[in-house]
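Lettered A, B, C and D in written order, each chain numbered from 1.
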Amino acid sequence: MKRFTKMVYKDSDDMVFGHAKFPVSQHWNTQIGAGYVVPEIKVAPVEGSEETKEGMVSECRNITQSACERAVSIGLPAFMVEQEHIFQQTNNPDWTAECTQVQSETLEKYYDEYDIRVSLLATPADIRIEERDGLRGSDYDNKIMESVEASAANGASCVAIETIGGKSVSDYGIARGDPKAILFGIGVLGSIDMEYMWKRIVDVCRKYDCRPAGDTDCAQANTAMFLAGGLLDKDCSHTLAALARAMAGARSLVAVECGAIGPLKDCGYENPIIKAISGVPIATEGKNAVCAHSDLMGNLSAAVTDVWSNESVYHREEMGGTTPEVWLQATGYEAALMNTAIQTGQEKILRDLYTLTDKYRDPQALVLAYDNAYRIGEAIVKYGKDPYLRARAAALEAGAIINEAVESKKMYLTRFERDSLDHALNIFEALPTESEQFTDDCIRKYSRKISEFDPKSYEL
Amino acid sequence: MKRFTKMVYKDSDDMVFGHAKFPVSQHWNTQIGAGYVVPEIKVAPVEGSEETKEGMVSECRNITQSACERAVSIGLPAFMVEQEHIFQQTNNPDWTAECTQVQSETLEKYYDEYDIRVSLLATPADIRIEERDGLRGSDYDNKIMESVEASAANGASCVAIETIGGKSVSDYGIARGDPKAILFGIGVLGSIDMEYMWKRIVDVCRKYDCRPAGDTDCAQANTAMFLAGGLLDKDCSHTLAALARAMAGARSLVAVECGAIGPLKDCGYENPIIKAISGVPIATEGKNAVCAHSDLMGNLSAAVTDVWSNESVYHREEMGGTTPEVWLQATGYEAALMNTAIQTGQEKILRDLYTLTDKYRDPQALVLAYDNAYRIGEAIVKYGKDPYLRARAAALEAGAIINEAVESKKMYLTRFERDSLDHALNIFEALPTESEQFTDDCIRKYSRKISEFDPKSYEL
Amino acid sequence: MSYDEFESKMDQNFVAVRYNVEVEGAAIKPEEDLDVQNSLPTDEPFRSIALSVLYEDRDASLANVQKALKDKIPPIEIINNGLMKGMDAVNILYNKGFYFLPDLMLAGDGMMEGIKECEKVLGHKSETKGTVVSFVAEGDPHDIGKNMVVMFLRAGGFEAIDMGRDVPIKDVVNAVKEYNPLFMTGTALMTTTMTAFPKIVNEIQKEGLEVPAIGCGGGAVRKDFVESFPMSVYGVEAYHAPKLAEAILKDKKTWKDLRKEYSEIVGEFVSEYS
Amino acid sequence: MSYDEFESKMDQNFVAVRYNVEVEGAAIKPEEDLDVQNSLPTDEPFRSIALSVLYEDRDASLANVQKALKDKIPPIEIINNGLMKGMDAVNILYNKGFYFLPDLMLAGDGMMEGIKECEKVLGHKSETKGTVVSFVAEGDPHDIGKNMVVMFLRAGGFEAIDMGRDVPIKDVVNAVKEYNPLFMTGTALMTTTMTAFPKIVNEIQKEGLEVPAIGCGGGAVRKDFVESFPMSVYGVEAYHAPKLAEAILKDKKTWKDLRKEYSEIVGEFVSEYS
């Protein structure tokens, strides 16, 4: 497996929304990262639709058709539908097959009739449960691969997944503010598990006209981000969440190293780091994902995006239409603004405005500003061959970025943020420089404390 | 009453979001149009809350408190809550009093604790019904003024209203594609009724620390816009809707002429025209109002805004929080982008990107692009003293703008749009140049056809 | 930085596409359409009457009808073979996307004008497919949707009783007693007025009355709300109203059927979300 | 155009305000807080035990407890006068905003370690305020919210039975039989898994069982959904769980009361929307 030891982008200033060094071509005349931003719409199936295959198929049809109708009604040149599978879909690959088929047929109809560029991203669920049969070779594990294949075979433009390797340990660490557990969970275990999953996913996709898209550290860095919450919450320190995010860059990169080509999945707030390193197009979410959650970087996360997503919304009716209509319009109009900027040559200005709007809103935003994301990327590739060391380097760099901003009086921290940052950086600096030693340490420490954690799941 | 016969802005390029020639100061340290854009949140009371005063008061408290919490949680420097009254509130001024009071107390608490700039806009409902007791001197009419006073006396920062004068006739005209009825309804009847209403509203507000804000042609131009719908709808021609919007500029200006100082109300898509003429700050809505409706100018309508609104949303729960939280975050983040542009001196570029994103999406957008809005403003002030002639001039100018864009192959029209535009312009050109003659004509023609229309309601 | 300079650089196709322009068909004269030709009467005076409706000419419609009545053509025939045929042709063109709402409204005005004239001679209301009662919920002033519903119902051959807007609940219940309607349509644009619907149903039930279905629609109304009480069906587009009425009339559909088969009955995809 | 140049021009106060920094109080040592001082025991070995919990030191907690047990201090006293007092102090600081979740989790770990040690000597489970059963809905892998709930319940002196995630409905029902809990908490993060809640209630009722209340919370769960079936109350924040349990225990509140008085019971504003 190829590991990244050099940056594909040579300068952070070369990164901008709608452009990736390595654009992706999909069927239905869609290109990602090829000079225009594609809006994405994602809708969570309504309660009860999980009861039967028919219910789920009908949900998928309705969501897709509504999105198509609104797209032509407001004049969007392109859009992507993502379907995040629920447990039942992945666990029953025939559900996946039928759902994907009805969605791809619907999209194709509009593509034929209006010449509108459309795209379908299928995201099978990672239904493995570490404490039940482990992560490797279980029934669940096999079902995931069957579901990936069912997606690819039935017309999905691309496939993504949110793998959960290392989550048992990082969850423990996030809830307790334990930086070492977070580093081990994300940097080591997460990376190991991704390699296991992604080699197989890429192989499956290559058999079809379907692109292996990407992964996200939702299970870990996003858990930290959601626990961190708003400015006045007190569950997880925002500086620690920022470090977790930086580490997630090192982890989620593994998908690309295994052959994923993008767009990397929307909820991967670490994606700008990976774009900087690898040049693949990315999906991101922010101010048009308020339906799903509140982040502190709603504009900043658009700066270098290629696919702009609403994350996820209840499937129901607003005064302005059904939610697939309403939220596609939201992401569609923002993408239109970005595309206007590209067309008029002002994309870098808009990118910088997006970035500066949030850069100092929160340390989590700060480290993902594209220039800082680039710096974290550089720290990662410097230790590119070693997943542990590169995740550690990412965290240390993120810490340095925050400290510099504090020193120059641009970023202000609370005591909780300040203390937990110092604590984490001290620990990280003192860690062994040998991956093996760190791993052994951690296995010893965390197998005892965390009942779900099973080293065998990582062939350790 | 002073009529505008000159433009306050000397050049359309001087107009930009967050800045108005005549900024408005309100209590709680809020300025409108004074160099920053204020996000607005508006939530429709939940079904059932209309049953009792307690229910409505509790809705108002909850909406306001949720908005406050989210604002500090994501770091918004300022925001405005608008409460659009339902029938029961206006019809029972004691409801208005209590609702306004609980909202202003809540806002003040946060202002005191966090130093956050807050603002409360109360919008009593125009509950008059032309075919029942007419528009003047009815019980309903009196209740409206009592409700305005109850708002002003209980802490509202400002008061707005959506007056409905002329609606009976314009409704008839919009549904039938009858340009003359639309001109009469909006330009003549609407303007007459606004004068009647606004002189009184301004007098009431001046007694308190409460600003007379503005009106909107929701009853007429928005009805045309909603009937016009999306690109593929076939209810009302989009060119005719564009002319109706231009006429609305001439009509809604009357509020300012009577002493309203802004921000003009969010759903007045004609507001850029009035800002160009009069220099008052405006509220607008667009891409963050998709919860309420679909327009074809989601970005363009932000170009010269001062208060950025979500229009209105159901009061309920999203995954990302309750709707007051979620949608304030949406408008708040867009306002933050605009404020970043202002701070970095890039506001005109962002303004132009907003505008160009939608300028050729639809004729309705085209005529409201700030440069074209300015042209329509010029047409209006040229005939500034005569409400009929200035509305007609506005429509003719809008028609000219569309035709120029078509000739230069930037705008493409459908046959329906083309035909109805030609039809309307022909009619408008042939109309008498004397207001009285036109009015007499119309009274004769439409009293017969429209049973609700009662000339006495306009003292005609 | 100059705005025009920006504008000149843009390839609009990456920003906004006017699909309406792209899909537009060629212009035709109304009576050139084959289906219209087939539906228009060939013999006079019916053809002229139908054409005056088709051409949305209220005055011509009135004049042609008056002339026919003077010629002792039975009013029922004028209505059925002339006015209604014209309206059928209008509906055909609307459904094909050649005609638009204003065409329907104006043609409808012409048709109604003719019908009224015929009824004067008849001495009573003419026979229609059935009676539908339409109202706007109590407390709600928004009435354009309702006006459209009424117009579409009439264009579809139903007698639509227009109760206006802000209609008190008891008046609606009384209308049920008075007209025993085949179908009812209620429109509400606000969350705080749509609550009138379940109250109306409740009163109707209390009085031991029944309506095959009450179509409830309008801006703020949600399907899940409408389906939370009985006797109702969620109405999406105004032109669905006659189709729903038709389904009740011809196929004896109940409100339960209408809910389940809505999409098939109105003959097009309707966004579903629950 | 240079990004740095832009940045240097900005007055952040018009873009984003870090209210958390603005409202932050001065740093203090935990035991300097007056309320903490009042709640900490003054006599040994309880003070040391309580302090080791307060300082989130699992090893010290264990060591201190072991020493006390060796000194024949009754385990019940160690728990009530030492470990729980330490946790009370932690709760005080959390509620004041000086302590944060990790502090609670770690202090909780220390407390649990000590309690386990005492229970070894006791030979049975120690007395708690009451038993609460916590689970994540069937089909749902998201368990952090549930973990927090469990932790807060334990910190509040309740015995929380942690059933884990993706818990089959029948297992939940069996747990009701087995533990006859005072309160139950269910967590679901997805629209398609929260449907387990009404099914569970249904089964519980079928078996003729009863639970005073089932708190249902988690990401995608909505209040209106939770209130559409009986026996349930919508849970907002994890730290509300012990307060709800307390209200059931002390004031005999039912699920109906909890719904109505939620905000008063948890002692803070909670966004309402229906």
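The definition used in the following text is that contacts are C-beta pairs under 8 Å (C-beta built on N, C-alpha and C of every residue); 3 or more make two chains touch, one makes a residue touch a chain.
No experiment lies behind these values; they were computed from the predicted model shown.
The minimum number of touch steps separating subunit B from subunit C is 1. At the far end from subunit A, in terms of centres built from Cα atoms, lies C.
As a whole-number value, the distance joining the C-alpha centres of subunit A and subunit C reads 48 Å. For this pair, subunit A with subunit B, the centres built from the Cα atoms lie 40 Å apart.
With centres set at the average Cα position, the gap from subunit C to subunit D is 58 Å. Taking each chain's centre as the average of its CA atoms, subunit A and subunit D sit 30 Å apart.
Among the residues of subunit C, those in touch with two or more other chains are 6-7, 10, 15-16, 18-19, 23, 220, 222.
Residue positions of subunit A touching 2 or more other chains, listed in rising order: 44, 46, 48, 72-73, 75, 231-232, 314-315, 319, 321, 325, 336, 339-340, 344, 346, 349, 352-353, 356-358, 361-362.
Shown here, the protein chains touch in an arrangement that is not a line, ring, star or fully connected set. Chains touching one another form the pairs A-B, A-C, A-D, B-C, B-D. For subunit C in complex with subunit B, the residues that touch the partner chain are 1, 3, 6-7, 10, 12, 15-16, 18-21, 23-24, 27, 94, 97, 99-102, 105-106, 109, 139-141, 143-144, 147-148, 151, 164-166, 190-195, 220, 222, 225. Taken in their complex, subunit B has these residues touching subunit D: 35-36, 46, 48, 58, 62, 65-66, 69, 72-73, 75-77, 113-116, 315-317, 319, 321-325, 336, 339-340, 342-346. Residue ranges on subunit A touching subunit B, taken from their complex, read 44, 70, 72-75, 229-233, 286-294, 296, 298-299, 312-314, 318-321, 325-327, 329-330, 333-334, 336-337, 339-341, 344, 346, 349-350, 352-354, 356-358, 361-362. Interface residues of subunit A, counted against subunit D in their complex, comprise 13, 44-51, 86-88, 127, 129, 131, 164, 171, 174-178, 223, 227, 231-232, 234-237, 314-315, 348-349, 352-353, 355-362, 371, 410, 412-416, 420.
Taken together, the subunit C residues at the contact with subunit A in this complex read 6-7, 9-11, 13-19, 22-23, 219-220, 222-224, 269, 271-274.
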